[in-house]
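Let me give you the structure first, and then I'll get to my questions.
Read from first to last, the chains carry the letters A, B, C and D; within each, the first residue is number 1.
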Amino acid sequence: MSSYSKPCVLVTGFTPFDGESINPSWQLAQQLEGETLEGHIIHTKELPCEFDTSIASLTKAIDKYHPSVVICLGQAGGRCDISIERIAININDARIADNAGNQPIDTPVVTHGPDAYFTTLPIKSMLKSAIQAGVPTSISHTAGTYVCNHVMYGLLHYLSTHDLACRGGFVHIPYLPSQAAHHSGAPSMEIDTLVKGIKILITSAITQKQDIKLVAGTTH
Amino acid sequence: MSSYSKPCVLVTGFTPFDGESINPSWQLAQQLEGETLEGHIIHTKELPCEFDTSIASLTKAIDKYHPSVVICLGQAGGRCDISIERIAININDARIADNAGNQPIDTPVVTHGPDAYFTTLPIKSMLKSAIQAGVPTSISHTAGTYVCNHVMYGLLHYLSTHDLACRGGFVHIPYLPSQAAHHSGAPSMEIDTLVKGIKILITSAITQKQDIKLVAGTTH
Amino acid sequence: MSSYSKPCVLVTGFTPFDGESINPSWQLAQQLEGETLEGHIIHTKELPCEFDTSIASLTKAIDKYHPSVVICLGQAGGRCDISIERIAININDARIADNAGNQPIDTPVVTHGPDAYFTTLPIKSMLKSAIQAGVPTSISHTAGTYVCNHVMYGLLHYLSTHDLACRGGFVHIPYLPSQAAHHSGAPSMEIDTLVKGIKILITSAITQKQDIKLVAGTTH
Amino acid sequence: MSSYSKPCVLVTGFTPFDGESINPSWQLAQQLEGETLEGHIIHTKELPCEFDTSIASLTKAIDKYHPSVVICLGQAGGRCDISIERIAININDARIADNAGNQPIDTPVVTHGPDAYFTTLPIKSMLKSAIQAGVPTSISHTAGTYVCNHVMYGLLHYLSTHDLACRGGFVHIPYLPSQAAHHSGAPSMEIDTLVKGIKILITSAITQKQDIKLVAGTTH
């Protein structure tokens, strides 16, 4: 029985993109490597900020670790809190080229795939836990149309089309202060707050099999 | 042969909600009633700002008019431009009760329906035409989780599950100035600009059978 | 007795700057040329978007027309409503070069001048009138540190140091829609709304000798 | 010779207001009590969030400590970074009542005082130091019209009208994360980041007698 048969969680981050020298999603993931939450060891993986190869790298890690929960992290420069994504859509529409120089416009993530996948994480439970702990958190209804949404769709498609007892989703995080210092007007979040918040989200994702009803919707 | 066999477009707006005395979406739709664009007469319909009955009212109008294009309009207080929605998702998650007093939380629009439907309108062509004409317009990747998204999902589900030669989608519009005057810090758009913009969008929707490739995506 | 001895109002706008082909402030001022409000003829003047020469051009127009009210208009790209400036400060701190290529940093508008001048317009009365008429309007507590603030300070210094029965101030306006169409995410205001609003503000400035008490402050 | 004749800095914060149970400005100030920076001991003082009594409390502390630098801190809910205020204006215009129940509208801070006072701190040097250290910081051109501006004006008036070798100013800070968790959409900053940032600002204020030229202005 390999160590990978133990209950575990997979957390991914991305390589830097868009001119940044760091990506807070990978900075954050690294802080979690080897930690144990609710009896689950946390494994981490850095994904390239590239269309296609990012999904290949992710699914390879899933096959290796057999996690019961997968949370992919991504940088959302300009957002002010930890945002839990509700849905991934089957479109690539890149505002800028990815790190491999590709800029797909209005192509599907998966040809003939469904238009979207809802996350299988208990997002309202996760939201409630984080807010109660004093970590600014919200539900987001768009993961964008770049590599973050691409990976989230790829993850949920993989989990949906393979017989895996695994739930998955995506969480966007703000700039770190050291990044925001060079983006006038952009909010930020300190790494300690991010670590605290993401641990709460993971714990909730592990323990809450059924989500709760909680007002967190929008009017548009 | 009834007048309804002539080529036509259906444009809907909503009744006021959230304490407003008017809804700019219906103010705008009324300005278009009876107009002809590219040989298509425009019919309009006011939908109740209510879950379920709004979709019933919409599909009844579709059955009556047999439009080749349906564009549903909705108020997005706080947005600054005309935003063309790309996708509707199968969730009702109401931040406030609708006009009938119902506040569904995390229920499906259509039980066992797909997670989402992409609009069948040529959104990039529409965007390009409006920008070129000087009307502030953008692509939106979330129509929210309230009655607007609900109607958009209901529309696209109906078109998808019936054998109709009809394309459809949703367009959000800002407050009118008279509304924004009482919402400090909220942007607005004048009715004349809205009429100009929506006519351009309808014209593009009628004439562009294939959409164009245009950079209008996001990074998150 | 020259025509200039009749009661009049002077309204100024600026030439385009920062890569724009028009400046909404001058587009707006031109719409008012020759109009009569409350027995006051409106004269207009286009000021260069340049430090120093703008003030010289303004004071020359004041000497020519002997207005009882002066309102200088300026473009505030990114703001969503008509904002009435409360105060001008004695600093030039240019983020970009002006149209003459000068970029003063932390120099005074007037050497040994006071740190600031409050507008002498009845800003709360003006605000109330505009809101009641349904035109989005607010009080602003900073006119920035560029040519707009520079001209406002120059105006108020001139009125303060000369024995003139004249009140003056500055009003910032948003982009026109045709501009905002090329600044994704920027609010706009239609010229008709601007004309309606500025006429209300001028009328109030002429007729209200004493300002009213109205809650329109901030907490920071 | 009393301990108060040693070089020192006075840092003030406020009591909570507007329904909050804490005020980050006082949370931050407390972290600095008794620290020594560049040979200067830091003394702190909590000011009431009230018009008039706040200034009385401040000037009493100045008379007690004879500081060479005074920095007053205040909460700016909704701002995303540490903002160094450039100027205080001679107006009280309260959007909400203060903690004593008073809500002055358009009254002067000091009757017959000048319209405004520029801070006497080297704000561009302070800005540069903080940015270089990776702490999100900016220059602000309005401290509002509430108790924060009131105290800043009172401070600068006191320093200006007394023969004190002391420089002073005001710094606004964002919500703490624990506050922002309950203000959806509001940015926040962690206390550790605030402590790091304010120490840098104080150090710069002590050591930089002459300010530098640095582009940090606005266009409006």
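Here, a residue touches a chain if its C-beta (ideal position, glycine included) is under 8 Å from a C-beta of that chain, and two chains touch if they have at least 3 such contacts.
A quick map from chain label to UniProt name: A, B, C, D = Pyrrolidone-carboxylate peptidase.
All values reported here derive from a predicted model rather than from experimental measurement.
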### Query
Which other chains touch subunit C while also touching subunit D?
none
### Query
Farthest from subunit D in C-alpha centre terms, which chain would that be?
B
### Message
Using Cα averages as centroids, what's the distance between subunit B and subunit D in whole Å?
### Response
48
### Task
Averaged over CA atoms, how far is the centre of subunit A from the centre of subunit B? Could you give it in whole Å?
30
### Task
Could you tell me the distance, in whole angstrom, between the mean C-alpha positions of subunit A and subunit D?
38
### Message
Where in subunit A do residues touch two or more of the other chains?
### Response
none
### Task
Answer with line, ring, star, complete or other to describe the graph linking chains that touch.
ring
### Summary
Checked against the stated definition, the touching pairs are A-B, A-D, B-C, C-D
### In the complex, subunit D residues that touch subunit C
17-18, 74-79, 86-87, 89-96, 103, 105-106, 114-118, 124, 141-146, 148-149, 172, 211, 213-220
#### Entry: Partner subunit A, residues of subunit D touching it in the complex
80-81, 130-131, 133-138, 177-178, 180-182, 184-190, 192-193
